[in-house]
Amino acid sequence: MSSCWGNKVKISIFGESHGKGIGVVVDNLPAGEKIDMEQVLMHMGRRAPGKDKTATPRLEKDLPQILSGMLNDTTTGTPMCAVIENTNTRSGDYGNLLTAPRPGHGDYPGFIRYNGFNDIRGGGHFSGRLTAPIVFAGSVCRQILEKKGIKIASHIQSVGKVCDSKFNPLKVDESLIDSLNKQSFPVIDPSSEPKMREYIENARMSQDSTGGVIECVATGVPAGIGSPMFGGVENLISSIMFGIPAVKGIEFGAGFAITEMLGSQANDQYAYDENGKVVTLSNNNGGITGGITNGMPILFRIAVKPTPSISKPQQTVDLTKHENTELVIHGRHDPCIVPRATVVAESALAIALINLL
Amino acid sequence: MSSCWGNKVKISIFGESHGKGIGVVVDNLPAGEKIDMEQVLMHMGRRAPGKDKTATPRLEKDLPQILSGMLNDTTTGTPMCAVIENTNTRSGDYGNLLTAPRPGHGDYPGFIRYNGFNDIRGGGHFSGRLTAPIVFAGSVCRQILEKKGIKIASHIQSVGKVCDSKFNPLKVDESLIDSLNKQSFPVIDPSSEPKMREYIENARMSQDSTGGVIECVATGVPAGIGSPMFGGVENLISSIMFGIPAVKGIEFGAGFAITEMLGSQANDQYAYDENGKVVTLSNNNGGITGGITNGMPILFRIAVKPTPSISKPQQTVDLTKHENTELVIHGRHDPCIVPRATVVAESALAIALINLL
Amino acid sequence: MSSCWGNKVKISIFGESHGKGIGVVVDNLPAGEKIDMEQVLMHMGRRAPGKDKTATPRLEKDLPQILSGMLNDTTTGTPMCAVIENTNTRSGDYGNLLTAPRPGHGDYPGFIRYNGFNDIRGGGHFSGRLTAPIVFAGSVCRQILEKKGIKIASHIQSVGKVCDSKFNPLKVDESLIDSLNKQSFPVIDPSSEPKMREYIENARMSQDSTGGVIECVATGVPAGIGSPMFGGVENLISSIMFGIPAVKGIEFGAGFAITEMLGSQANDQYAYDENGKVVTLSNNNGGITGGITNGMPILFRIAVKPTPSISKPQQTVDLTKHENTELVIHGRHDPCIVPRATVVAESALAIALINLL
Amino acid sequence: MSSCWGNKVKISIFGESHGKGIGVVVDNLPAGEKIDMEQVLMHMGRRAPGKDKTATPRLEKDLPQILSGMLNDTTTGTPMCAVIENTNTRSGDYGNLLTAPRPGHGDYPGFIRYNGFNDIRGGGHFSGRLTAPIVFAGSVCRQILEKKGIKIASHIQSVGKVCDSKFNPLKVDESLIDSLNKQSFPVIDPSSEPKMREYIENARMSQDSTGGVIECVATGVPAGIGSPMFGGVENLISSIMFGIPAVKGIEFGAGFAITEMLGSQANDQYAYDENGKVVTLSNNNGGITGGITNGMPILFRIAVKPTPSISKPQQTVDLTKHENTELVIHGRHDPCIVPRATVVAESALAIALINLL
């Protein structure tokens, strides 16, 4: 299914960038869960465009309308639908002709996939705007998880070659999680932010863009969650993460670096901690072995490619004239979507985890 | 579902390492496909243990018995079941007590997940032996794909820090594919093999193990396959790849390295080639944008961690005595499963692709 | 999944009777299908309440808003969402206490299922109003099927003990189908209507209600559709039909009556017709054997129970006081929902068939 | 998926009548469930052919081999596979030509569906023999349900026009359930059996066959199980029941007869019983309203058509010569499969219920 995900709590996302609205149906949520809508809006604000660090996280124009599934701020247990109206709808007929597909975007593959009938205005269903419903759904799921002691956070691990500190893989402090959860430019080491912003600004000034890596963590997930072989935690998390536009890689624990370790370094050895709980002495497996959680923090990183929309001239094809051409994309573009993508990744993680529990 | 995968062609894998047998049901294969069983056995031989490079690829003891779904070497279209008998079955009652879980294995999470009732002998359902049914199913799917012009190959990109050449992301020669498909230690640059083998041997001599990276490619996949947002090619491939034990990461195209590029470097610009076909001038997206194929080679890499079973003493817990203890794993272990895992990855890719087409 | 259905074209229905709105997401429709929205509204009108035979089929208040998936009246191929606003929304807090569950309704089971948190106003998500999104989605699918030569119709086979003629199981005339498709009280034999209406009116006058049987047909479905054992046409059709509130039975072809035939009577013998097409000489199997279509009309009947909401006093329990009590349901109720349910059944059939093709 | 069913506990059935073997994979069973294999074999014996009432229920030739998922007669929680060898396998090449499709069978639709490549010997994958794996899987699930206080039974409601008594819809005695569970010709009123047997014998003597109705019950299912709209108990039960060959209808509670009742008769009114439990005073809804259980017995009936294989000459087509022809089916055939189908229905019900709990 193209835009559906989940087997216990299922999300079904709809909408095109310039249609009447976008949104999500969340089916099979548990009944009776009180949801703090301000928190949901706070997270949606972290994803919303057109802000900088000091801006209010609440943007009226992206306010979700909850059509069903909530009563007195409490889940009813029947399907929840939230709609975000598009305010940039143009009425009337218009040409939907794709001439010059933008490199790095879904334009050309989408043109083939949909025989030219998909809505290409603003990226249509491929638009990054479609991550807003993920954040809505994920922010609801996240609150349900929090009541079970599960916390989720992420930070910008790197922008281009500028790196932040990493999470302590053995224990992530609650205070750090809480602090990251409120930021629209979440970094662990505050000194990373100006350097990253400068790097982004440089890219922007040269009519270019930059990508980065996001590191995500979930703490408090009990041991024994997930199933071999294809019902594993890594299978599920990766299958939803690649639904976030621009994600090109995912690695759990030490990830690709584990391939350069010896087994004796890579293996997470066990011990009882002071409370008699089984812990591991390292966390190169990101809290998961055999597809199942071991009670340590779930830790992974995703690679986010540079924003494909850049002002620099690019080579492309003219699909109507069947000839090569040059493309210049006009308008203001986000030179780096990594900061806004952090809360999207957290939300997708929340949706994945609620399906595993 | 734990060991089921697929929505068009579905595989359902079963078996434990020391049970009566392991196998797979492949449901909903197209009818009327002639299958060359020698080819299937050749690929299964590439995965089979206990061989070296010069050994016969056909190991009688891992011969799959096809119980259904084939008639006159042709698919009937109804479910195909293949069973591989275990010859190491011990009869009678016995203790199934897990005392000291092996670091890096699924022992401890499995113990929690199954309340201690899962079969732990030889790893049970977590055993790498369970990849044999994947290779069986994938080798059948692969032949069906080949008739549509789709070819699959992989090579050992690295073992520890020893690297092979990479695939040309724009075009992978058929002769290279054909050659790699026959090897049990597939590398592009033949000079990599002795260096890798030496590295592995060194790990083995120090009672240790090593991991590596496998690079996979599929050529001939037409543009327009896959769907945003969660029905994308990356979502599906990653969700099956993490079903292969020891895989800790996956990256498509340039993968994590794309995060250090600028947009102008990362974007795969379009042009018409000499045959009037739309191609890209680079392939940093691994043949996929917006979740959909663009007609270029599908290219990805998976990170395989070092074999967790090592002879070196390791710290672990005694779950019956509730105390810390030391573990020494006896017996001969594969110091590096990367070569054998190549054909498993190729097979999983074939299963993923047949579900997308 | 509670309110999701389908594996190729998936519908996800949401909404509660007194919430802000109800609707449906239809995922994975083919792209480029021109949809006549007047036709969709005509069918929605056949289901809409508050009309009689002569009323306009288009009721403004149930107009679906299409938020996505359509452009220039053509499917984009990405998810289609339609929302129908509820005009009876009451704002503010209110009690959601269920005291006396109505016999025959989902009140009591829903109370247990959702721990009392589901919205019970007007039946909430159990309301017959939730069939409007089915009709929307089904009416879109139906037009796509029609272009493939597949036509769908239904008629009121019986109301209480008053029966209509039956479809000719071997061939249903197009003119009959077209005529039934326009009626909000579809019967084959026009003389049935006044008798049925009288029967309904008598029930209403005695503060009671009545049920009936709906007979459905799909013509033009090619042979070879469906799969044994659980992917059969009967499996899929039945699994969606029981999603229509009040349906208590389904039978294909001769249905329960086939059990009283001998094999020689029940078997549908084959012959070539004048056009060299394989046909059957009877159609006791309703166009399906072995779960697969044989090219004859698909024919089935569903049993619709009497409307549970009646004015007559009924015995029930007071769940707050934990004692038996008497319930009188006030307000105007539809004494027979069978006529309105015909188009719902047709729509559900369309959704089932588009998933099979 | 053709022969897969379930979303929590999934069965994947494979095999052809004359292939090497048939069987089932049961994925995601709970771990640690002790299974009495004698009980499983007893139920499989009730389905097995070639016996009469006095025969031993244990037929060695249909003994399932359990390849995985069981250890010390206890479920491991990982996939369970059971294989039943076919002893009638013929080796070597042979013709698989379908000339004259048997009326009432899946021959012709299967020929179209599989382009003539499916195994037609003995019905292939369409054979009633494929219900043996259902009984195996269901008999395992049934024992797990029994520990939760859920009991399942069925009886032959009718053969042709000869009827048995019906279940008391409000309460089915445990002793009756236990007694029916042991019978291979289960009837409530013992005097029905000789009349039914005579009816069947008469059909057989006239080279004909007969069908019947099976009534099923599940007691002890708690209220609150199932979900509107498509996750309802009726949706799930019906979707698996139509996987049993020859089933042409299903009705819950009063079923089709409810359409002739008035609402005041049909509605199941509520009351507290002597133990303070909410019960209904009638059970015309078969224990289900709004798709959810209400705590009363789940009750339904399925229509089983007469065995299509009869010795009487029948009209059919010669698909190779493209002309009409006459068919005489030789060999001994079961003139009535209804008795053997009872335990198949019970088993399918067990599989459905374990997916709902």
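Note that the chains are named A, B, C and D in the order they appear, and that numbering of residues resets to 1 at the start of each chain.
Definition applied: a contact is a pair of C-beta atoms (placed from the backbone, for glycine too) under 8 Å apart; a residue touches a chain by one contact, two chains touch by 3 or more.
Everything numeric here is computed off the predicted structure, so don't read it as measured data.
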| item | value |
| --- | --- |
| Chain pair with more C-beta contacts, A-B versus B-D | A-B |
| Farthest chain relative to chain A (centres taken as mean CA coordinates) | D |
| Interchain centroid distance [CA atoms averaged], chain B/chain D, Å | 39 |
| Length of the line joining the C-alpha centres of chain A and chain B, rounded to whole Å | 27 |
| Residues of chain C touching at least two other chains | 1-4, 7, 13, 28, 78, 113, 125, 227-228, 231 |
| Contact set on chain B toward chain D in their complex | 1-4, 7, 10, 12-16, 19-23, 25, 27-28, 31-32, 65-69, 71-72, 74-81, 83, 93, 96, 113-119, 124-125 |
| Touching residues (chain side chain D, partner chain A) in the complex | 7, 28, 78, 227-228, 231 |
| Of chain B, residues touching chain A in the complex | 1-5, 7, 13, 101, 103-110, 112-113, 125-126, 130, 158, 160-161, 203, 206, 208-213, 223-232, 234-236, 238-240, 242-243, 245, 247-256, 258-272, 276, 278, 280-281, 284-286, 288-295, 303-310, 312, 314-317, 319, 322-324 |
